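Below are structures written as C-alpha cells.
In the two complexes that follow, chain A is the common piece, with chain B as its partner first and chain C second.
And now, the complex of A and B:
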C-alpha cells in the first residue's frame, strides 16, 4: 500500500460496509418513525450498500460521468422515490438524505477523507478526528435547534404550536403574520413590552453605577472586611432566586414598595449589581494604579481622575457588566411576580402566563423578535469592540 | 354595621344616581382571574359595561388565579392585600373561607335579586357552596377527541369511560395531573355505582381500585398541568382524546375550527366564582361590592355566556342565554347544562375533596412516579 495520501483509496469492503452501516442507521430512524423498525434497518442498509457500490465503481472510473453529476443523480433518484411514496414533504427529506449519502459515499470511496490529514495517522486517529467533529457539531445543533424551530412556527396561520400540512407543503395560506400583529397591537403585550423597556434600562443604570463604585472601592487594599462585603454584595447571584424574591416581597410590602415601579427597578438592580461587580473587578486587576497617582500629581481631583483616566480603561468591564445586568432584568420572571403587581407586568411575566393559560403562538412571535434583537445587539457590541481595537492599534503607544 | 351601610348605599346609588357617591369608592380595582378566553369574557360582559357607567375607574387584571390561595396567604402575612376581587374554583373558595382569607357575604344583602323579585339566595340556590363564595359559572371537565382519528367503522366516543377503552380507541390520551375527576371516573367506569363513588374512595381498596383502573391506560397517557394543553395536544394530533374544561374545547372547535368532537357523558361539573379578600380598606371594599352587585346580576351572567360556553350560575339567567357574540351561533347547545349534554353528569363533591385532597394528592403523585 502506498502512503502517498493523494492516491489513497480505502478497501472496497470498507467503503460499502461503512455506507451500508450509515444507511442502516438512517433506516433505523425512518423505520422507527413509520413503525416498522426491522424493515427500516434492512432497507436502509441495502440502499446504503447500493450507493456505496456505485460510488466505488465511480471512483475506479467505470462510469464516464463526473462526481458532481453522479451526486445530483442520487439526489434526484432519492427525491423521486420519496415523492412517489409520500408526496412533497417526504421528497424534500429524501432529497436531503440523497444529498448526504451521495456526498458521503464518494467522499469515502475516493479516499478524500484522508486528504489534508497527516499521512502517518492510524485509522483509529482518523476515526477520532472525525468523531470529534461530529460530536462538536451535534452539540451546536442540540443547542440551537430549539431556537430555530420556534421561528417558522411563529408564522403559523393557526393558533396552535403545530406544523400544519399547509406549512409543510410550503403553501402561502399556511403562513401568516397574525401573531406578530397580536404582539404589536394587543394592549397586554404592548404594556408588557413598554414596562420591560422602562424597567430594564433603569435597573441597568442603577446596577452599573453602584456596581462600579463598589468594585472600585473593594479593589482598594486598605478597605477592611473586603472579602465579607464582597460576599454579601454578590449573594443575590448565589442565593436561589425564589428566596431573594420571597424576602423582597415581605420587606417591600412593609415599606410600601411592593407593586410599584420603583420597587421592581430596585429589586432588579440588586440582582444586576453582582454581575457588574464581578466584571469590573476583573478588569481592575489589570489596571495600573500609578496612573491615578500620576493624574492626581498633575492636579486632577478624584472625580476627574475617575472619568478621564480610570473609567475609559475599565470601560469594557463596565459595558459587559451592564449588558448582563440588562439581560438579567429583561429576562427575569420570578422576582417580578413577587415584587410587582399586574400594572408592572413585564415581557417575561406576560410570556409566562401566556404559556400557562393559553399556549398562543404569539409567544413564538415574541421569542423570534427577541432573538432578532439579541443578535443585533451582540453584533453591534462586537463591531464596537473591533472598532475600538482598531483605533487602539492605530494610536501611538 | 358600617359595611352593611356602605353596601346599602352602594345598592341605592346603583339604582338612582351611579356617580353621586363615587367619591367614597376607590377609583382603581385589581381583579384576579384565569387569563385567556375566560378572562376576556369577563372583561366583555362585566368590567367594560361597568367602566362605561363609572367614569375614571381603572380596572387592572391579574392572571394569577392559579396561585390564588398561596398568594393571598402571602399578602395577608405581609399585611398588604393588593387584590380586590379574586376568581377561584369552589374548592379554593372553601379553603380560603376556612382560613379567614376571604370575606363572608350575605347573598340577599350583597347580591342583586332576580328581575322577577326572587331573592339572590333562592336564585343561586345550591351554587352557594360557601359563605364567602359568589357563584359565577358552572363549568365541566369533559372529553374532547380528534374526529379524524376515530378508527373506521367505530362509533365516536360519547362518554368519559371511553378513555379507558384502548382496544376500541387506540392512541394517546391526556388527563389532568391531579386525582380530582380522574379517581371518580376510574371507579365509575370500573362499575361502581354513581352514589357509591365517594364512599369507595374513602377506603384503601377503593383508592387502589381506582389507581388500578387508571393503570390500564397509564402508558398511553400524557398528564396535563395547564388547561390549555389538551386543546393544544388535540390540535397537533398528538393525542386521540383528552380531558379539558368544556369552554376550552368549545373555543378550539367553534372558534378555531379544529377537527375535535365532544364526549359529554359523565362530564364533571364544577363551580367557579368570586371571593372578596378579607381586610380590604373601606373605599376599596365599597367599590368591589358595587362591582359585584352589578357583575353578578341576571343579565350580566347571561351576557358572559355570549363569549364562552360556561353556564351561568343563576337560575334566572338561563332563559336569557343567546347567541355567540361574534360567531352568531346559539350558545345553549354548547352549555354543559344543556339537557342533551347533561344526560349523565357527575357533580364534584367539593366538601369531600376539601377533607381528602391532601391525602389523595400524595397517593396519586406517588402512583404517578412508580
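And now, the complex of A and C:
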C-alpha cells in the first residue's frame, strides 16, 4: 500500500496552479496594504507560479540539489528581496513567506501531502482533511494569541497597547524593560504582590489540610450521606463567584471578619477546597487499601500508617490539589474585592483596578510574569499526574 | 483461645459468635458503625469549615433577600399606631399616628438613621427619601412654643441635668429602660450579643481584632423614679430613651445631661393631659414648684397638633400615599426585593408592574441568558473540531495540542481579560491589523470592546477549555472503527459522522455546555472590564447594588434568583455527568 502513495505525484498543472493561487492570495493582502490591489495579485500569482515550477522541476530531479537546499535558497532569495525593498522588518516577513512557499511548493509537487493518508481518498476528501486541520489550528491559535500578544507587548518602550512602528521594525529602541521595572519598584504593585504571596499559601495550607483528611474519610467504603456531603463540599466551585462574594461580604461583616486578613484567607480556603477534594479523591480511587491493613498488621499505629504508607502514595494528588488551591487563591479577584479591604489588596485586585481605571501598561508585564508562573505550575501538575498514573499502572510509559 | 474453640463448638446450638463471645452479627454491626464514625470524624472538620465559611454566608444572603426589620426598628410606635388605619380609604391616619411618628423620627434623627429608612422606602416609593432627610433635620423645631414656655419658667433649673434627674431619676423602671435599650440596639442595626457572640469575641481577641463592648452588656448607671413614672408616664419613657442614647451613643452620664426637645414635648403632653393636671397641682415631690409653673405656662398655649406640626415640616406628610407605603412595608419580612428583581412592586391593591422607565431586571436576566447561550453555542462550534482532532491524533501529537488548550486554562483570568482588552481596543492589535490589511478603513475601525461583541469574544475564549476537556474525554471513548464500519457499509462521510459519530458525542456536548453555561451566567470580571454598558450581566448589577447603591436586599434577591438557576443546572449536570466525574486539567 505504501509504495502507491510514495510514488504519487499530482499533475504539474495542479501544482503550479495551486501555488500560484496561494501566491495571489498573499499578494492580495500585501497589495491591499500597499494600496495597489491588482499589482499585488498579479505579482503574487507570478511569484507563486515561478516557485511552483521550480518545485516541480526539483521533484522530477532536474536540479542536482537536495530539497532542503532548495528551500533555503528560496528563503534567502525572498528575504534579500524584502530587505532591498523595505529594510529589516520586511526582510523577516518576506523570509517567513519564502519559508512557507518553499515548503508548500515542494510539499505539493512531491505529493508528500498524500503520504500517510488512505490511498482511496478522493481529492475532495483530501482537501477536507487539510481544511479541517487548518480550521483546528486557527482555533488553537485563537486560544493562545492573547498570551502570545501580551508577552511581546510587555517589552514596549512606549505606553501604548499596540505594536509601535519601532517594534515592528525590530529596532532596539522600540523595546525596554521599563514596565517590569515599574512592577518591581512601584510600592503599590509590590504591596499587592506580597499580599498575594501571604494570602495564597495560608489559604492553600488550610484547604489542603482539611481537604486531604476529608477526602480520605470520603473514600472509606462506608460513609453515610456520601452524596450530600460531596455536593456540599464541591459547592464552592459551582456557586457563581459573585454570589459567594456577596454572601461572604454580608456574613463576614456581621461577624467582624470583613476587611481582615483572616477573612480573606478563610474565604479563599473555602474556594480552594473543591479542587483538593476532587484531585485527592481521584488519587485515592487507585489506592490499594490492603497496604494500610498490612501496615497495621505489622504493628504501625494509624498515624504512622498515614504518614509512612498512605501519604507518600497519594502525595502527587495532594500536591496537585494544593497547586490548584494555590492558583485559585492567587488568581481570585471577585471575593477579595468584597471580603478584603485596601490593605489586603492582592495582585489580581491591583490588575483589576489597573484595567478599569488608570489602564497602565505595567499590567502587561505583570501578566507576562503570571503566565510564566502558570507555565511552571502546569508543568509540575502534568508531571505529577503522569508519575501518579505510572505508579498506579494506569498508563504505559 | 479456649473460649473461641468452645464458642465454635457450641455454634450449632446458637447464633455464630465472634472471638470475644458477642454474636457475630452484632460484632460486625459494631465494626461497621465504627467505620462510619471514623469516616465521618475525618470529614467533619472540613464540613464544619465549609458550613461556617461558605454555606452560612450563602444562607445569610438568602435571609437578607426577605428581611425587612428596618421599618419596624426605626418607627416602632408608628407601626403599632398604624395597625388600625385602613390604607385603602383615601384619608389620613389619626392624630396619634402623627404623634408616634414625631417621637420615632426624633430619636431616629438623633441617631442619624432616618436617612437609612428613607433610602429603604425610596425603593418602594421613589422620592420619599428626601421627605425623611428633610424632616429629620426639622424635628427639633416641632412644638417649639411649648419647649420654650417650659424652659422660660426657670431657665437655670431646666437646663440642669441634675435637676431633671432629681424629678425623673430613681432606682426603679428596669423594664422600661431595657425596652428603651433594645429599641436603641435595633435602631443602630446591631445585634444583641448572646453566649455564642461572647465566645466569638474571645476568638477575635486572640486573633488580634477584639470586638467593641456590646451595647446590651454596658452598665447604664441610671434608673427611673416610680413616682415620676406614675405621674408623668410619657416624659419618663422619653427620658429613658434619652438616657440610653446619652450613655451608649455619646458616652455621657445621664445625671449631667439636659435632655433633648422630645422630653420637653412629652412633658408638655403630660402636663396638659386632663387626667394628670389635678395630680400635678397636689404634687409635693422634688421640683414640684417648677413643674407647677411649667404646667401653668403650657396651659396658656393651644394644645399641640402633631398633624399640623408635621405638615409644617413637610407638606408631603399629608399625602396618604406616604402612609400607605410605610404601612405596606412595615412587616418583618418582605417580598419587595424579589418583586423589584422581577420589575414588579407591591401597590395598595396587590402586585403591579413597575413603570416603563424602572424596568431593567427582566431585560438584564434575558440578556444574561441569551449571551450565555450564544457563548455556549460558539464554544460548541469552536470546541468540537479541536476535541475531535485531539481524540483522533496519535498521543504524542495530541499531547502537544493539549498543552495549547491547557495553557490558557491555567493562565490567570485577568491576564486573558487584559489581553483581550488590549487587543480589541480602537487602536489595538486587531483593529491595527485589519486596517493594515485594508479590510477596514482608518475611519471604519470596528467597535469590538465595551459592548456585547467584546464580552462574547473574551468569554468564549476564556470558557473554551471548559468545553474542549469534557468533549475530549467523551470522544476518546468512541472507537474509530465505528466510523470505518459505517463507511464500509456505504455511508458517505457526512452520514457516517452525523448518524454514527455525532450521537455518541452528545453526552460530551451536554456536559460541556452545562459547565460553560453555569460558568457564563455567573461571570462578573470579564463583562465588567470589556462589556461596557450593553455587555454587562446580572452579576454586574449585583455588585453595583452591594458596593455602590447599597441596596443589599435587592442584591441578595437578584443573587438568590441567580443561585437557584445555577443549582438547577448543577442538579442537571449531576444527573447527566455526576459530580464525582469532574476532571481537572485533562
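Brief remarks follow.
We adopt the following convention: the second predicted complex is superposed on the first by the 278 of 397 C-alpha atoms of A that agree within 3 Å, B and C clash if a C-alpha of one lies under 4 Å from a C-alpha of the other, contacts with A are read in each partner's own complex, and residues count from 1 in each chain.
Assume a contact is a pair of C-beta atoms (placed from the backbone, for glycine too) under 8 Å apart; a residue touches a chain by one contact, two chains touch by 3 or more.
Quantities reported herein were computed from a predicted structural model and do not represent experimental measurements.
When the shared chain is aligned, chain B and chain C each come close enough to touch A:356.
Looking at the shared chain after the overlay, A:250 reaches both chain B and chain C.
In the superposed pair of complexes, A:342 makes contact with chain B only, with no contact to chain C. In the superposed model, A:235 lies in contact with chain C only, and not with chain B.
Of the two partner chains placed around the shared chain by superposition, neither chain B nor chain C is touched by A:117. Looking at the superposed arrangement, the partner reaching more residues of chain A, out of chain B and chain C, is C. When the two structures are aligned on the shared chain, A:25 is found in touch with neither chain B nor chain C. In the superposition on chain A, A:382 makes contact with chain C only, not with chain B. When the shared chain is aligned, chain B comes close enough to touch A:159, but chain C does not. By the touch criterion defined above, A:370 reaches chain C but does not reach chain B.
Taken together, the two complexes place residues 160-162, 246, 249-250, 254, 355-356, 359 of chain A in contact with chain B and also with chain C.
Within the complex formed with chain C, the chain A residues making contact are 29, 32-33, 35, 125, 128, 132-133, 135-136, 139-140, 142-147, 149-150, 153, 160-163, 206, 210-211, 213-214, 216-218, 220-224, 229-236, 238-252, 254-256, 260, 262, 266-267, 269-270, 273, 275, 278-279, 281-282, 320, 324, 327, 330-331, 333-334, 338, 348, 351-352, 355-356, 359, 363-364, 367, 370-371, 374-375, 377-378, 381-382, 385. If you check the complex, the residues on chain B that touch chain A are 30, 34-37, 60-64, 66, 74-75, 77-80, 82, 226-229, 231-232, 235-237, 256, 258.
The touching residues of chain C, when paired with chain A in their complex, are 32, 35-36, 38-43, 45-47, 49-51, 53-61, 64, 191, 200, 204, 207, 209, 211, 382, 385-386, 389, 401, 403-408, 410-423, 425, 427-429, 432, 436-439, 461, 464-465, 493, 518, 521-525, 528-529, 539, 542-543, 546-547, 552, 555-556, 559, 562-563, 566-567, 570, 574, 579-580, 582-585.
Across the complex, chain B is touched by residues 158-162, 246, 249-250, 253-254, 258-259, 341-343, 353-359 of chain A.
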